[in-house]
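Same chain, two partners: subunit A is paired with subunit B first, then with subunit C.
On to the complex of A and B.
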């Protein structure tokens, strides 16, 4: 490295003023980014990786401030630069793209106008040429029919399309540095690949430097030159992407790597103190012998939603009959079985109908057609409204995606766990209930002294444990797991997945595991169903489907997963 | 858009029918006998019965209802017994007075509340934020008749700056030709600047009274919704792209924050329109609120029914306007409409 780095962060400390005094979110870190280099900052939540980038662009919120250190960007000191100078740099020299692209765009302004705002601000266009330049920016991010999209509002575009618009916005003024803060979190794997490929292509083309902030080591390794690993506000390791995977130096990096699900490892391998055994020994299928009645049989299940018709009220009033539009079939006649003791994975991208399917099986919504036979009884025939009081309810339980949102913020952990018991009965008396809750807490590895806390006083992993304890409180036969680890850090995910596996064996449950993460599915599931546009495209054992995919769509999903150089 | 308005109007028909039935029944079950009231305290039972027959009050309820609805369809709201005028004419004369007062008060309140709320949100925790809180709390905790009287005492009695609080115009000014019924506008149309000033000076104190009262909900709502929007992701994007503070707050944050504020404005307006009786009384304002209260005391059915019906129709129209405005501000609503 002969020329001075484009961005030089030296000894940076960022403090946040809280009610309990100043808290250091970032502690004396040093990061350099050379011209044309792509650097990843990797870490789990609370590692200070986003705060670092906000400090660079100086958009920390009110409570945050740079306590110490210097940030120099091509010779300009960003810590002491005045606001007008910063404003000129933002968007023109340093741009950012964010997580959750739809929310990152003004919902009530045309996307073209939002790009124009930036162009006009930085005098990259005049009123006369702004429209043309905005369309040009949209064309560069490969948006089809850019003239039309100019007039679109964010809600009319898909998530991937919105992220393209955000990229167009960020790159409109040809900046030298792009900071991408979790740009693909929440997007499907194939969309993630398309977006990342686009970012890399555009930044390479222009000789730009990029900082990619992510929690996904695989993504970082696949797309970056160098990786900076952060933990609790400190940089613990910096190395070339290829080296950090082959030879991680810091224990935290090793722990992070180990917790990332990959091909050729078993669930236990994810845990830090796991004995290094032979990887991926074929899991003994615990499936009941052929011929036995499966726990659940789903036959030709359909969920159709009527499309909104145009002149509904007036048409009804005047008796004018419009040609009935075909209903939208979110789930289009799928059939499968679930054996006792089995974990069945339901995989697909957003909009494929996997959540709708799981909601129907959980009996939270009514199917439009088909049968759901659970232990010999057609539970699909029981309306969702009355299923809540059906004796079957206690046998089918659910763990929800977001551990925070799925807990009542005004209930303590104990009250949350006791909720199904109180509703479905079984235990009477305060002491017995308390004892049962403590037993469940121990079962899911939640320290008993924490069960009097409220959700906001618990960590993400602890909240996930509460959600699981609540689901198993009634000894269900079937638990539907709807992306139970999607909101968790990898190290927490590793622990929760192992817990789920252990509980299944101990309590004799079956799982329906809904997920978009194929690597997790590979570890946890016996059999896998791949769904696309409401239909099953492939079905089989996890090994067969993910090891030797037959359908083109499954192959596409698998190749879209970023693979670290191993 | 026109289609959406048409559809919305269709859905309001049942509620208007409901209002007609309920007001008719309510006025009939209210205690008090119209005939007895008008016959006077010394009237004989015979005289009362005669008046009752003349008013049609001796008929069974369904018959009275049918004749009421038949008249209604012809646009006839009946005759006020207290004023001796057709109710339609009374309302036509008094509604603009109330509407002008309320509108003036609301515009005044908005002129203060919107900037105050925005500033309080942008500079959260600063002195302006505290000022915003004090103004809002004080405004809503003082009853309107008290603020009204206080203003009259200071500006008319002590300082002598404003004219006597006796209606919409002082006795020396002449009424403009009634085009809109809004005196300020009619005066301008008639190019009567002297008259405009006279009407304006009469209007200012009651309008300020109303404005002080309605400051609180508008300021609080503006502040809260601005705070929410300023924390949104797209404001962060706008800042990170180097847009100026003015652009970020004005174009990006404020327009998004306006959505709940518009709803609040509509509610405050429709509430004030019918409910500012006390202000009308204090300033001897010939408005519709005091008209309705007087009719109610006299058990005068026709004006009460007319008043409630007018209010219902106004409410419907106002809500429709808000919906249309929503569609203008927020493209997502347009789609659903």
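On to the complex of A and C.
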């Protein structure tokens, strides 16, 4: 060690005052970041990784405080520094990128002006040179036509573009340390690659140090020099990125790695070696042979939204007829089939129409054209409004993306699971209903004692199980899985994916699995459909599409997945 | 349908738990809690915490209990008949016999102030209950269904808002006749936009929530979604709204009586008592108007503070 580290966190403990006394979110951790080094802090939710970074820049909320330890940044003690000093450091020496770029930008101020604000605040520019420097900053983050974009408001830019502006803001004053807190969560995989490449390139160029906070071990290993793994407020392992994948030391790191879906794994590989509970029954593949009538046939499905035209209001008065603008086609004539017992993956980036497609199939919205033939009946012709009373309703169910959002906060788990049964199940009597709910809870691995709880008293994985129990309560034939694990930690995701696979075999369901995560799709799906701008670009078996992609877009998606050094 | 209603009735208030402590706290009691789930506290324990944590909230709840007590048993415990006049003892200053003094007819002001609580409180409670049902339901429907329902409710609210509200209340009472029922009605009508708008906004953001979509998949009709999914979830914010408008409703009722609409003398009512006492202030008999005014002020003050307390009670953010 020739020079002292740029950032030296020693024995740091952060406490939060709660009604039940102080809770330690971070427990005596040591992290060093050398000059020019890129360090990743990896951990699942509740591991204290974000709290650590908040402690560094001293933006802990009122209840939190540094209970013990020292944070030294190039010789300055950040724990005892006064607020004026901290204000000076934030933005100029240490800057931060947050998870949601749109929330980090002022929605009613032009992005160029926001960059100027930072420059002026830290005396990096004068009024005369601010504009020029702001445009220069936008150019550096590879925003095309920076002069025009200077005048753009955040809502006019895409998520990836906004994150670039945030990066421009963070780097405007040439800080020595950049803290990126989940900078690409919520961005598409291709955008993620572009943003991460940009961060790494810019920080290398300037010899900056970076702390990347992420839950994605693959991303961390692909872009960082060193990886710090945190669990429940403690650092459990620190190693070079290449080593941590080849030779993880701590059992938690191993568990985390194992739960991360990768090429050449099977679903069962995701789980820790010693499985709890009885092993899943071996299941024979139940996909019906080719030639049999598929469970669902989607023909030339279209969803079009009219484009609002600016002059239409005026036109009503003047009586002028405007040329009709072409409607925006969110789903543009797609056709596919889904066999009985099959899991079909529907893959694509945000805005490709995959969610619109799944909403039409679940009959929550009406298609503009085409047919959805489910078990011989054209359910697309039944209006969404009256589908609730259709006998088909119970045969098509859905598991939602966000387990928290999809449970009524005022219903107990039992009431949530019972809801479809009460409406359509035909089970009468409280005891019979209770028995059925308990049976379903056992089926999805939810401890029966927990079904009297409210959603906020359950963990994310337990809420996901309640959502699944509700979806399978009526023994549906088709379950649409809308990114069912996107909001879950990897270790929980591993368990839930295995549960879904097991249930499918046991109950003879078919799945339509909507996802942007190709690694998960590879594990769960028999066939895959790749969508882009409302149309299908590629279709085939999972191995064929993901192993040997034909369409350029599929290849682009696949290469954008971070590849950790193996 | 039958077991449905049973279940709905059974549904308790969700016990507040702690969001933050999920992983970081040792599970306290039963072995089931080993599963990373947060421990739960009862609503009562949470209420006790809120009251003790903030003394002002404690004060508000205390005052509220006092007002409630006065409204319930006040008329039967007061030392004098609030209507009995005694010209021998007219216009007496506060003394041991008459704590708040007597008015121009020799009626005991303390007894009248306490006895008036029931009437003023009832007007406030009934008008708030009425507007909560009407405004809340209209707002929820507007937010949930959108379209013409939304436009209709919005325009009605706009129309009401276009008037100076007190003048509108005066007009309603004057047109419909001087009665307590009409004061309740007028107070409810002028508060309608407030409730409709809050309910509309809250219902609108929840319309596309995952749990509503999930309930739709479970075969719930729109009306059932509205009643079982949306309405229970906007109750907390409506409860806060109710507490805040209670004070306003009392003030409005007293205001109407003050200008001679609504409640008629000799019924004890704070607004009338202030009006009657107002002419005696110049001649030095300040207590006639002062004590009912003070009661009015304390009641309004209490309900406004109570709003903060109720918000703390129902806001999950405050449960950490």
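The working rule: the second predicted complex is superposed on the first by the 552 of 566 C-alpha atoms of A that agree within 3 Å, B and C clash if a C-alpha of one lies under 4 Å from a C-alpha of the other, contacts with A are read in each partner's own complex, and residues count from 1 in each chain.
Please note the rule applied: a contact is a pair of C-beta atoms (placed from the backbone, for glycine too) under 8 Å apart; a residue touches a chain by one contact, two chains touch by 3 or more.
Computed from a prediction, not measured in an experiment: that's the story for all the values here.
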Subject >> First, second, both or neither for A:57, with subunit B first and subunit C second >> reply: first
Original post:
Is A:249 contacted by the first partner subunit B, the second partner subunit C, both or neither?
Top reply: neither
Original post:
Does the superposition put A:533 against subunit B (first), subunit C (second), both, or neither?
Top reply: neither
Original post:
Among the partners subunit B and subunit C, which is in contact with a greater number of residues of subunit A?
Top reply: C
Original post:
Which bits of subunit A are touching subunit B when the two form their complex?
Top reply: 57, 59, 62, 86-92, 95-96, 98, 100, 103-109, 117-118, 121-122, 153, 155, 166, 169-170, 311, 313-314, 317
Original post:
Considering the complex alone, what residue numbers of subunit C touch subunit A?
Top reply: 3-4, 6-7, 11, 14-15, 17-25, 30, 32, 35-38, 40, 49, 209-211, 213-222, 229, 232-233, 316, 319-320
Original post:
Given the complex with subunit A, which residues does subunit B contribute to the contact?
Top reply: 3, 6-7, 10-11, 124, 232-234, 236-244, 247, 251-252, 255-256, 329-332, 335
Original post:
Given the complex with subunit C, which residues does subunit A contribute to the contact?
Top reply: 16, 18-20, 23-25, 46, 63, 232-233, 362, 364, 385, 388-389, 393-394, 396-398, 400-402, 405-412, 415, 418-420, 422-424, 428-430, 433, 447, 449-450, 453-454, 456-459, 461-462, 467, 470-471
